[in-house]
Amino acid sequence: MQTPTVPLTIAGKTFRSRLFLGTARYPNQQVMLDALEASGAEVVTVAMRRVSLDGQAENLFDLLRGRYHILPNTAGCYTARDAVLTAQLAREALGTNWIKLEVIGDDETLFPDVEQLLQAAQELVDDGFVVLPYCNDDPVTCKKLEAIGCAAVMPLGAPIGSGMGIRNPYNIQIIREQCQVPVIVDAGVGTASDAAIAMELGCDGVLLNSAVAQARDPVKMARAMRLAIEAGRLAYEAGRMPRRLYASASSPLEGRIQL
Amino acid sequence: MQTPTVPLTIAGKTFRSRLFLGTARYPNQQVMLDALEASGAEVVTVAMRRVSLDGQAENLFDLLRGRYHILPNTAGCYTARDAVLTAQLAREALGTNWIKLEVIGDDETLFPDVEQLLQAAQELVDDGFVVLPYCNDDPVTCKKLEAIGCAAVMPLGAPIGSGMGIRNPYNIQIIREQCQVPVIVDAGVGTASDAAIAMELGCDGVLLNSAVAQARDPVKMARAMRLAIEAGRLAYEAGRMPRRLYASASSPLEGRIQL
Amino acid sequence: MQTPTVPLTIAGKTFRSRLFLGTARYPNQQVMLDALEASGAEVVTVAMRRVSLDGQAENLFDLLRGRYHILPNTAGCYTARDAVLTAQLAREALGTNWIKLEVIGDDETLFPDVEQLLQAAQELVDDGFVVLPYCNDDPVTCKKLEAIGCAAVMPLGAPIGSGMGIRNPYNIQIIREQCQVPVIVDAGVGTASDAAIAMELGCDGVLLNSAVAQARDPVKMARAMRLAIEAGRLAYEAGRMPRRLYASASSPLEGRIQL
Amino acid sequence: MQTPTVPLTIAGKTFRSRLFLGTARYPNQQVMLDALEASGAEVVTVAMRRVSLDGQAENLFDLLRGRYHILPNTAGCYTARDAVLTAQLAREALGTNWIKLEVIGDDETLFPDVEQLLQAAQELVDDGFVVLPYCNDDPVTCKKLEAIGCAAVMPLGAPIGSGMGIRNPYNIQIIREQCQVPVIVDAGVGTASDAAIAMELGCDGVLLNSAVAQARDPVKMARAMRLAIEAGRLAYEAGRMPRRLYASASSPLEGRIQL
């Protein structure tokens, strides 16, 4: 049976899958490849730093090239300058002007540095990149990133690697209302329902890594995420029933609830 | 690609789908039939009272028979006696000894009457029925229903028709720990992620109706539910990553969080 | 400064404090006495079983008599018969016809047994007791207890000794709407804000024990609870501001939120 | 009875009350004065813009001076330059170098502009101000503000005027862990329990306005807030009991919960 959901378009490129998957922290490479396949993801993100450092760049890229749209990222960069240089390196090495922009502000929590992020985003957009920035769930920062010319905004649902889910759905909802570019929740998803919730909020996609890589069975979780994202998107498009305190309540739930 | 999840067995009968769907409150009969098909449900539940009252019994049963496992229910019954009689009527009319047992204690909120429910469950089990009781999210009641011989327990996630989701996942988790029979969340699911959460808690299935029937696009929501339940089940089987306050936290989240 | 909140009346007796405190599990007796005083509680509850078993009945009652309204409870009773006998024993020993009725259905989780509870409540009301029953957060059970003639209903916020807070505020809200007798949240409160939330929901009082007795500093926590309950009650009476997604949102929050 | 909680010290000045109250949006001036008194607040914040615009500066300051520590704020400023000028104007007019720094990034949601905020904070600290900045619940921004030399950080609990409570307690907890200066939750509190929760998280104070000014009875709500903040602080100092799924659970709650 067909699932006629609306496809996602970023910077003129159209994707059927709304799941973006990372390539770090899998038990081994074969599990990673199997999980990528089970996920149905078209876009996979790879840390340039990691690739360079362990000297397995060619190997990993050879494996993924052709089968996936590779989105290099600047994980591990702590300044705009580092991030810009890393993006330029990635463009040269991989022949893509797409970049997932991360500028980390704290090496413990991995929250972004908003000032450095905005500066790097500006430089990279000016240099012709398609910039997808990992950012706080801050509507003002997201609007600035959009104004700079980023192709999407990628607010975190919770800290990277926390598996805490969407901690503040209200902020995500405000971002969704205020931005015209695609909104992709990046970081925080821990299990399938988290991904579904992101999509039900109207987000355009979800980028995740640890939730799959660190599940007991990554391949099975990859398939769970694929279905959850499709389910959440369908539910969003279908238009959910209203909430009520109970069915025969004369007014909608929300007018009467105090919690 | 295959999805090798464990099948669900109730009273010796095995189902591939873990979604049980109701047949009330759809915009019209064709939408209902399309939604049932899109949902992948094998078991559909029909209110005997409603069928009898509107005189469309033959019509509806003719439509569903052969394509679905029909599970008659005792919706609208307020006493054990009424519920038992309705179940017996259903058995005669439909040739099935399966019954979804509802004994309502309050016509406003549609919460069950625990005393009448337990009495009716005992009588029906004694009379050879396969009893699937709609009940509170109360572990003691669920254990009693299991001891009586019910084939499953079906605690509510929230009031019937409320769309509020799983209001108290802790109780559902305790029920899951303490019962050996299948646990099927019945009532309260409002959107896809609610159904995924029920499955991630380890429940064996979800029974829902309004979330599909009252969505703006019931057929699309039916497919969302199908995928969400499969996603939630896969995530449960896959074993989710642990939660942490942030990734580099040395201890798991829970030991440090005060909320 | 005066705090002109409405006083609480149960069975014709009026209390200024809306906090009911238990006497179990304190580090020692002096801490218990200090905590009781710091809490401002007028009603303290004592387990008849515990008192009898450890032979310290006279001691404890001598300590509390005159200073507090002693509310004996039937903790540790698993049948209506046991609970009724224990209540009668308490009446004889303590000269009070007030009883906090507990009939436990599961010795692991300490959830009540609804059937036995209702039976015991009926017998005790018939026998002239002022019955305050510990029960599930089930509106139908609460309405039955009220119909039987109980002087109040005492739904649990979470399992006894769990410290989980009000797990399902929606059920408490429905109970508050449907019952005329005082609603006292019993069990589950873990910290001050939990007690405030119970009062903001419109409850008439809170009964707690472990949250004070098992705090690192029980006396300080006792005072925290005293203030939290007064704060929550005042907030309820003051009438809180409406919630909005943000201040300038043209419609109230609830019409726009999907979570 | 005494309440021996630890006092709050900011920039060398010690306060007994941990509640900071705003002066906007009250039904009338008398209600404002009565609410301030009932709240027990020592610090009240006044918008310089509003004061200047409506020409009632002298009146309002004459009313408050001597009775309260007046904390002028830069509400309504959208750039670092505007905020700095407004702070300087306040210093001259009121003879205080304390400033609550707000730099708004969006006039609909009133979220701060992080870049402008950091710039203004730096300029004002350099100019000798005691700066208390309203900011996002972003740990990196808070650490930067601390590094600049701000006397406290004031992360929002939810959007200004929303009454939504602490939407992301996890971020507040991380900020509390990572900052040495006082952490004061500013914005979002809607009712008494929200304020108590902020304090239970270990925050040093709460600044609020609409929750009191827009309650049905502002004076009563002011007293509720006073008690709630004291309750929350006491509970924090007392050390709450651990949470468990149920009391006899052998392991703490969190290791077993899936939600």
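Note that the chains take the letters A, B, C and D in the order they are written out, and that residue 1 is the start of every chain.
Note that in this section a contact is a pair of C-beta atoms (placed from the backbone, for glycine too) under 8 Å apart; a residue touches a chain by one contact, two chains touch by 3 or more.
By chain, with names taken from UniProt: A, B, C, D = Thiazole synthase.
Computed from a predicted model, the values in this text were never measured in an experiment.
Chemist: Which neighbours do chain A and chain B have in common?
Modeler: Touching chain A as well as chain B, we find C, D.
Chemist: Chains in contact with chain C and with chain D: which ones?
Modeler: A, B
Chemist: Take the average of all CA coordinates in chain A, do the same for chain C, and state the distance between these two points in whole angstrom.
Modeler: Each chain reduced to its C-alpha mean, chain A and chain C end up 46 Å apart.
Chemist: For chain B and chain C, what's the span in angstrom between their mean Cα positions?
Modeler: The computed centroid separation for chain B versus chain C comes out at 33 Å.
Chemist: Give me the residue numbers in chain A that touch at least two other chains, ranges are fine.
Modeler: 108-109, 159, 164, 170, 174, 197, 200, 240, 245-246, 253, 258
Chemist: Under the stated contact criterion, what part of chain C meets chain D in this complex?
Modeler: For chain C paired with chain D, touching residues are 1, 3, 38, 107-110, 159-164, 190-193, 196-197, 200, 210-211, 214-218, 220-221, 223-228, 230-232, 234-235, 237-248, 253.
Chemist: Under the stated contact criterion, what part of chain D meets chain B in this complex?
Modeler: Checking each residue of chain D against chain B gives 169-170, 173-174, 197, 200-202, 240, 245-246, 252-259.
Chemist: Within the complex, which stretch of chain D touches chain A?
Modeler: 105-106, 108-109, 111-115, 118, 136, 138-141, 143-144, 158-159, 164, 167-168, 170-171, 174, 178, 191
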